[in-house]
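Which chain is which? They are A, B and C, in the order written, and residues in each are numbered from 1.
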Amino acid sequence: MSYTLAEIGEHFGLKVEGDPALTIEGLCGLTDDLPGRLSFIGSPKLLEQAARSRIDAFITKPGMVVEGKVNLYSDDPEYAIAQIAEWFRPAPMLQDERIHPGAVIGNHADLGEAVRIGPGVILGRHVRVGDHTEILAGTVIMDHVVIGENCLIHPNVTIREHCSIGDRVILQPGVVIGGDGYGYLLRDGEHKKIPQIGGVIIDNDVEIGANATVDRGRFLSTRVGRGTKIDNFVHVAHNVQVGEHCLLVSHVAIAGSTKLGNHVTLAGQVGLVHHIDIADGVTVLGQSMVTKSINEKGVWAGSPAQPADLWRRSVALAYKQARKR
Amino acid sequence: MSYTLAEIGEHFGLKVEGDPALTIEGLCGLTDDLPGRLSFIGSPKLLEQAARSRIDAFITKPGMVVEGKVNLYSDDPEYAIAQIAEWFRPAPMLQDERIHPGAVIGNHADLGEAVRIGPGVILGRHVRVGDHTEILAGTVIMDHVVIGENCLIHPNVTIREHCSIGDRVILQPGVVIGGDGYGYLLRDGEHKKIPQIGGVIIDNDVEIGANATVDRGRFLSTRVGRGTKIDNFVHVAHNVQVGEHCLLVSHVAIAGSTKLGNHVTLAGQVGLVHHIDIADGVTVLGQSMVTKSINEKGVWAGSPAQPADLWRRSVALAYKQARKR
Amino acid sequence: MSYTLAEIGEHFGLKVEGDPALTIEGLCGLTDDLPGRLSFIGSPKLLEQAARSRIDAFITKPGMVVEGKVNLYSDDPEYAIAQIAEWFRPAPMLQDERIHPGAVIGNHADLGEAVRIGPGVILGRHVRVGDHTEILAGTVIMDHVVIGENCLIHPNVTIREHCSIGDRVILQPGVVIGGDGYGYLLRDGEHKKIPQIGGVIIDNDVEIGANATVDRGRFLSTRVGRGTKIDNFVHVAHNVQVGEHCLLVSHVAIAGSTKLGNHVTLAGQVGLVHHIDIADGVTVLGQSMVTKSINEKGVWAGSPAQPADLWRRSVALAYKQARKR
């Protein structure tokens, strides 16, 4: 794929200063420093480094000019280049046929317009798939699953029975939706299984990273709210309610029935115990363990978690005392 | 699915007080508060909240009456509702045929009575599957694997060659049994692979959560004892011996050759170093790292782990000192 | 499989002392103590235990004789037995045909000599596979992927489009290569996806454990260097550059754009924040969180990480103070 800067400027509404016929073959970051590419800068501090680089063209802000390069202007250069990146994104689909003959479609399937289903995909009975959704190779969708419009379900995903996926949801490879929650009762020295008869509801615009899992609820549904983005290896246990526009970074583990508000950020490897509530706008720093509800917006850290400032002081003090020894 | 309380009472041996013709369409927890449902309470403290709820019927203990509701009596209400939940559990199977024509069955397979094999399942050579076991879509079972009776193997599971699975074992989607253990020898600055020629033995009544892994042994077998329940993303390394009726919660990582006794509980994100022994009945709290053998029953916590009381005091002290600054 | 010690001694160049006609049926560790097996010892301290065991034969060092057993001599007994283990490793392949008729091979595939492709494997368009590489059942390889020679790709692996795998690479079951990196821009209260248009480059002699993931880069490629060994559940985020001969143990999480030198060892459950550099030869102990670049070789520990000695003193001090209470 290659495009002229004129094409890019016109389509994305960016004014081009310099040779509009220049062709770029890809995008890159400033430090990648590759010829034939378009990059971006958001701060005047980077102007000199950009000018010295081998990169041919930059998206920059009005009033910030990279000397000797083609400049495209945007009020939001990073967002602009993210939109342009869509043009360079390789198509994920594996085959030419809309429904690959090697897919297995169960009875009573209800497939929308322009749905694409890859080879080796297994759809159970009574599955509904919305318009323009793509389900890639090797994915298994069990009975009575509902998937919305414009979703992209990558290979080797499993969605178990009676789960529901919204519109514009992206599931990376290996994701498991609706595995049984981890529920047992200790009776006579043995752990008896509690059947997990609830489902999972994934709202619109959610993305879930490779090999992450969202377990089904015990009675009702585990829920992930609109616009929430979940990274690889995140564990969302049964009955958890995740709010809207949350960020759950890699290896986060949320135990059963815990509730997250909106715009909650859990950094990598954070753990939350069960049956607690986390308020809107809370951020928890990496490797922390939250053992109690957090009732107002703020930054928390530590294991067990405390307000981040207190945690920072306690860590600094511990290392300071140790240094004296 | 819907049932009358009379049907439920009769089948599960629960005395019904109130209208036995009342139909329920599902179960729920007390706080879910939904009409048309059956719930349970185990403590008299909840009687008032139950009476105020919109829930139609409760399983409660003899002598505890939820006013204005249909009451069903059990000495163990939570266990009773777990048993009733089986009636509401949707069937997991994907197809009508016992052996789906889209499955690949290797030579010398030995399939028991009423075995069900889903579409896209691949069975290697010399695989044995016990009576009434179900293997769902997209799962791969390699050569010389033995699977017992009444197992439920969910989609997209992998069981590598020469591993052995007991009776009534449940593997959630994406589980990997028998991946190579992580074994290398540093020679001339390079890590040379140590072939992992042992297998994995999973005993009866074990359940393993979505995307969890149990690695094969270096010479002999990694073992998971009877009745042990393993949550999502748990890592059981090569040569590990897990006892009976253990609970290994999400993201637990057990390094090579470590041995767990019976009834050991490892909470979420706990790590155990290699070549240590953990006694029967030990509990380790979340995010702890156990670096030495633990020789008697007790609760441990911290990274590195100490008896939980000591850990609690050390954490409280650290935060107290920091608060003074 | 069984072999005489004469066969083993001759093939691997080990002098045999005792009955060379003795047949062994497998290998084991010293503490496994099984008859009919060959084991090894590397230290004279173990000579007595070895002599008392039921094991029939030992690889030992010249000058170290296990009394009453057949002895085979090597300057490197552990490495010798690792090489012999190859003879006892069960073949992983599932079928007799080179290309299973149940595999789906996309257009413009370029398959080398003696490539083996299992049932249920899906290859996209323009995929290249080098000589003698084996791709096992249920694995999905998307468009424009390049795989080198003598690789072993286990079942249910996913390699997304435009990723590149070197020679002699081993991917355990469930591995995901090239899932989208976790990149979003917060605009108007919503997390907008940044398309991840880079790929992943896995160099020669890399091994990746079950269900581990390596995400594709934002603009360019995420890289894993030659000879690096990655354990189960390791997360390598977008744009990360892992050097040569590193060890990344189970549940390690490396955030975006972080760079590791060569011979870096990250123990289990270690986390690294984004955009930091780790020098050659650094070791980080289990459950540590590295929040800053580490510029020279050494051992680090703690959350946040410090030089390991300092961390050890701070932990010892904290527990000591708590004991006084």
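Definition applied: a residue touches a chain if its C-beta (ideal position, glycine included) is under 8 Å from a C-beta of that chain, and two chains touch if they have at least 3 such contacts.
What you are looking at is a predicted structure, and each value in this text was computed from that prediction instead of being measured.
The angle of the rotation carrying chain A onto chain C, fitted on C-alpha atoms and rounded to the nearest 5, is 120°.
Two copies of one chain, chain A and chain B, form a contact in which under half of the residue numbers belong to both partners.
Rounded to whole angstrom, the centroid-to-centroid distance between chain A and chain B, based on C-alpha atoms, equals 27 Å.
Residues of chain B in contact with two or more other chains: 120, 138, 156, 174, 211, 233, 251, 269, 287, 303, 318.
Interface residues of chain B, counted against chain C in their complex, comprise 104, 106, 120, 122, 124-125, 138, 140, 142-144, 156, 158, 160-162, 174, 176, 179-180, 182, 184-185, 187, 189-197, 211, 213, 215, 218-220, 233, 235, 237, 251, 253, 255, 269, 271, 273, 287, 289, 291, 303-304, 306, 310-311, 313-314, 317-318. Across the complex, chain C is touched by residues 26-29, 32, 34, 37, 76, 78-79, 82, 85-86, 88-92, 94-95, 100, 102, 118-120, 136-138, 154-156, 170, 172-174, 205, 207, 209-211, 227, 229, 231-233, 245, 247, 249-251, 263, 268-269, 286-287, 303, 315, 318-319, 321-323, 325 of chain A.
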